[in-house]
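In the two complexes that follow, chain A is the common piece, with chain B as its partner first and chain C second.
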Partner chain A sequence: MECVFGLVGEGFAIVAADTSAVHSILLHKNNEDKIMLLDSHKLVAASGEPGDRVQFTEYVQKNVSLYKFRNGIPLTTAAAANFTRGELATALRKNPYSVNILMAGYDNESGASLYYIDYIATLHKVDKGAFGYGSYFSLSTMDRHYRPDMSVEEAIELVDKCILEIRSRLVVAPPNFVIKIVDKDGARDYAWRQSVQDVTTAAV
Partner chain B sequence: MKLDTSGFETSMPTIGFGSSNDMLDGFTTVPSFDLPRTTDFDGFQKEAVQMVKPAKGTTTLAFIFKEGVMVAADSRASMGGYISSQSVKKIIEINPYMLGTMAGGAADCQFWHRNLGIKCRLHELANKRRISVSGASKLLANMLYSYRGMGLSVGTMIAGWDETGPGLYYVDNEGGRLKGDRFSVGSGSPYAYGVLDSGYKFDMSVEEASELARRSIYHATFRDGASGGVASVYHVGPNGWKKLSGDDVGELHYHYYPVPPETAEQVMEEAAAE
Partner chain C sequence: MARYDRAITVFSPDGHLFQVEYALEAVRKGNAAVGVRGTDTVVLAVEKKSTPKLQDTRSARKIVSLDNHVALACAGLKADARVLINKARIECQSHRLTLEDPVTVEYITRYIAGLQQKYTQSGGVRPFGLSTLIVGFDPYTRIPSLYQTDPSGTFSAWKANATGRNSNSIREFLEKNYKETSGQETVKLAIRALLEVVESGGKNIEVALMTREEGTLKQLEEAEIDAIVAEIEAEKAAAEAAKKGPSRET
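The block that comes next holds the complex of A and B.
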């Protein structure tokens, strides 16, 4: 089952997601990146049905870019989160998207923020959030050790604690995770945590 | 089965008290509606959805290696326990440098791959360059996504060679699209993965890779009842695809595991004539 979680620290936000693409009992791929760069300073970690996840997040990404082109300035994280929730809500009673989203972003005025948006268009601004079976283990771990003024190193330690807990306690634990960070310098890959490495293919 | 709704009907006109009125003559019966002819009124809809639920009885696989993409599939079509055909072409030639594999509904796969071929050709004509494998698979994924929930059954891999080199994508009827190096789709896919994963190396020659593909299909057909027939193997290289082999899996079995000639332990002798 897909595990997505994230937290906000001092001037940054971190999100981690598992990287397995599963089809009933088969693991088709164990390095699927589920955290998308919405724009230079926003990350969207999504979990849900495969088609919906990619199509909906790409739709949001294109609309966020369109706003920037039309108006000359990028959307704030709060605005992007509210737009996303609005789209989910509109589609909910006709053609619902089964996607859960954690949106992390950095704005110069308001700093780093994290938004919890679930598949029935719930929206909350949070310090820490999680989706999936992994949330049963990561939420309490984060609740226990989280502080609002954490540094990047401390936050990564907490993320690793959560990953370790998921790996040791969840019966169908995903083998690999990807961690991404967003701060004043932008949104970028931070690290991969891989316990099962695919047979390496030469970089084509 | 029509439910007995005679209780709803009344001989009294709905408006007025017995006075014959031309204007109201057509309003004497309460409107009724047809009910679905089934004994299981609450569950019949679920059954209809289950009927179209994709059940992909097949084994197809594809993988990228040093010399390009190897694509292989079986050729059995089954309807429940009945084998309807042993000679289905499950590797579809979209255009001279791209192949698609078929798993799920045969009609769906054939139609949508043909449709994809048309779209790829239109792209070539409009842009004066070949479409990439990534672009082709995205076109297919978007088309299938727009039909999600309507009962399409397609589990396909798009394999090809474009400007960036060999490309392999998995696309299914839920609209999922995955880029990868090795995929196997169908009811026999776990068995095929077992052989494919343990024997895979990136640095293989075309002969080694085709043998690995053939072996994986054979082992899947051995264990999976819904897979069988002929194991076809195709290779996609920089100049396009080429069919390498098509071997009956029954014959492959005895090729891999020949029956040693038995030495009789006891010989029955003819009874001595009385």
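The block that comes next holds the complex of A and C.
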């Protein structure tokens, strides 16, 4: 039921992910941040097996850092995406990671980009992408309304349309979403869309 | 493999490890390096022996970052340094991955010193021919540190230290002139110490500093170094004039 989706606009890329941590029928928490800052100008939105998701993305993050220290310059988004895909491919026939990733980044030379990397190491450079059951709704909505030269406000409107569609049509829809953006000024939180806050009851 | 397990570093009859001592000789021939710890700033300054005109100076940096908050300068065999620095950088990221925390300066110093020691007690290898000066601010506590390691694998913390060529003279100068400094004063102290043995001028010194609030390594431009050197010369000249002044009057 994890929903992750993203799109590329004019000079920026946006990714949105649900924030529920689920174990069978129990919701552990509804504010789990599944979008990690890979470096100052890259975001990784991941969905899948909770353990694999964190272990694999942190492993990629530390290797991206190491490259920066060894070589004095950061990896490009394309290089980071290809490295990630390579690690998934190597592990695939031994000890596969069940993680689906949307990697968004901004490079000065090539602008904003979005990469679709699935758990069996498929790699595609895309304008819009989505994972999970929510993808049935978000991809269709994005196909209908997406334009390559969207502004941030227009893109957020589209993201909100997708979230609305997921909330109204997916049977066990996640209540909360986090939206993050990356552009020339870096990767950062954009907003949260919460329909359910953590419930605290007063002691009796 | 039979040929390669004969130890290269063995004890001499009077308890010396000559290979380690010869490695220290290699360090003594290396360029001078100075490290100073201030209250809110740590500085590394390294001698730049005449750079060839055609060389791209950016590729020959002598002060490097191991992580965002830790930097290293060394004296000795530069090729050995590359290997040690690479291993240290990997360890910094590995520590972040497994412990979810950046390394402390002492931890990474202990790691590097441990590596240097290992190579004095292994078959078929020689010790690393370099001493390192490691500076940084510990995560969370933000306490500044300066550490030194040497080819034998010993390490210790210092308020100020020097290694490489003429390190004894520099250390003497530091012992005479050290006081708790902060900010630009710390930078000046490090450069003054290095200028004891190095020809004056921005193009003969490489200087980098880290401040508590900035947290990351900042390399000074040649122009900035020249400006500070000019300040130091002016201060020296003023001190000389003050000394001569009163005696001329009588």
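Definition applied: the second predicted complex is superposed on the first by the 198 of 204 C-alpha atoms of A that agree within 3 Å, B and C clash if a C-alpha of one lies under 4 Å from a C-alpha of the other, contacts with A are read in each partner's own complex, and residues count from 1 in each chain.
Please note the rule applied: a residue touches a chain if its C-beta (ideal position, glycine included) is under 8 Å from a C-beta of that chain, and two chains touch if they have at least 3 such contacts.
This one's a predicted model, so the numbers in the text were calculated from it and none came from an experiment.
Colleague: Between chain B (first) and chain C (second), which, if any, makes contact with A:A21: first, second, both or neither?
Modeller: A:A21 contacts chain B only, not chain C.
Colleague: Contacts for A:G51 in the overlay, against chain B (first) and chain C (second): which applies, first, second, both or neither?
Modeller: first
Colleague: Regarding the shared-chain residue A:Y59, is it in contact with chain B (first), chain C (second), both, or neither?
Modeller: second
Colleague: Looking at A:E165 after the superposition, I want to know if it touches chain B, chain C, both of them or none. Which is it: first, second, both, neither?
Modeller: neither
Colleague: In the superposed arrangement, which partner chain does A:D198 touch: chain B (first), chain C (second), both, or neither?
Modeller: Once the two structures are laid over each other on A, A:D198 reaches chain B alone.
Colleague: Based on the superposed arrangement, let me know which partner A:D118 touches: chain B (first), chain C (second), both, or neither?
Modeller: The answer is neither, since A:D118 touches no partner chain.
Colleague: Is it chain B or chain C that touches the larger share of residues in chain A?
Modeller: B
Colleague: On the A-aligned overlay, A:E32 touches which partner chain: chain B = first, chain C = second, or both, or neither?
Modeller: Touch partner of A:E32: chain B, not chain C.
Colleague: Figure out whether A:F69 sits in contact with chain B (first) or chain C (second), or with both, or with neither.
Modeller: In the superposition, A:F69 contacts chain C only.
Colleague: Shared contact residues on chain A for chain B and chain C?
Modeller: No residue of chain A touches both chain B and chain C.
Colleague: In the complex, go through chain C and note every residue touching chain A.
Modeller: Those residues of chain C that touch chain A are 65-67, 86, 89-90, 92-94, 96-97.
Colleague: In the complex of these two chains, what residues of chain B are touching chain A?
Modeller: 64, 66, 141-142, 144-145, 148, 164-166, 170, 172, 174-178, 180-181, 183, 189-190, 193, 197, 200-203
Colleague: List the residues on chain A that touch chain B in their complex, please.
Modeller: Per the stated touch rule, the residues are 21, 23, 25-26, 28-29, 32, 49-52, 54-55, 198-202, 204.
Colleague: Could you pull out which chain A residues touch chain C in their complex?
Modeller: Going by the criterion above, the answer is residues 58-59, 62-63, 65-66, 69-70.
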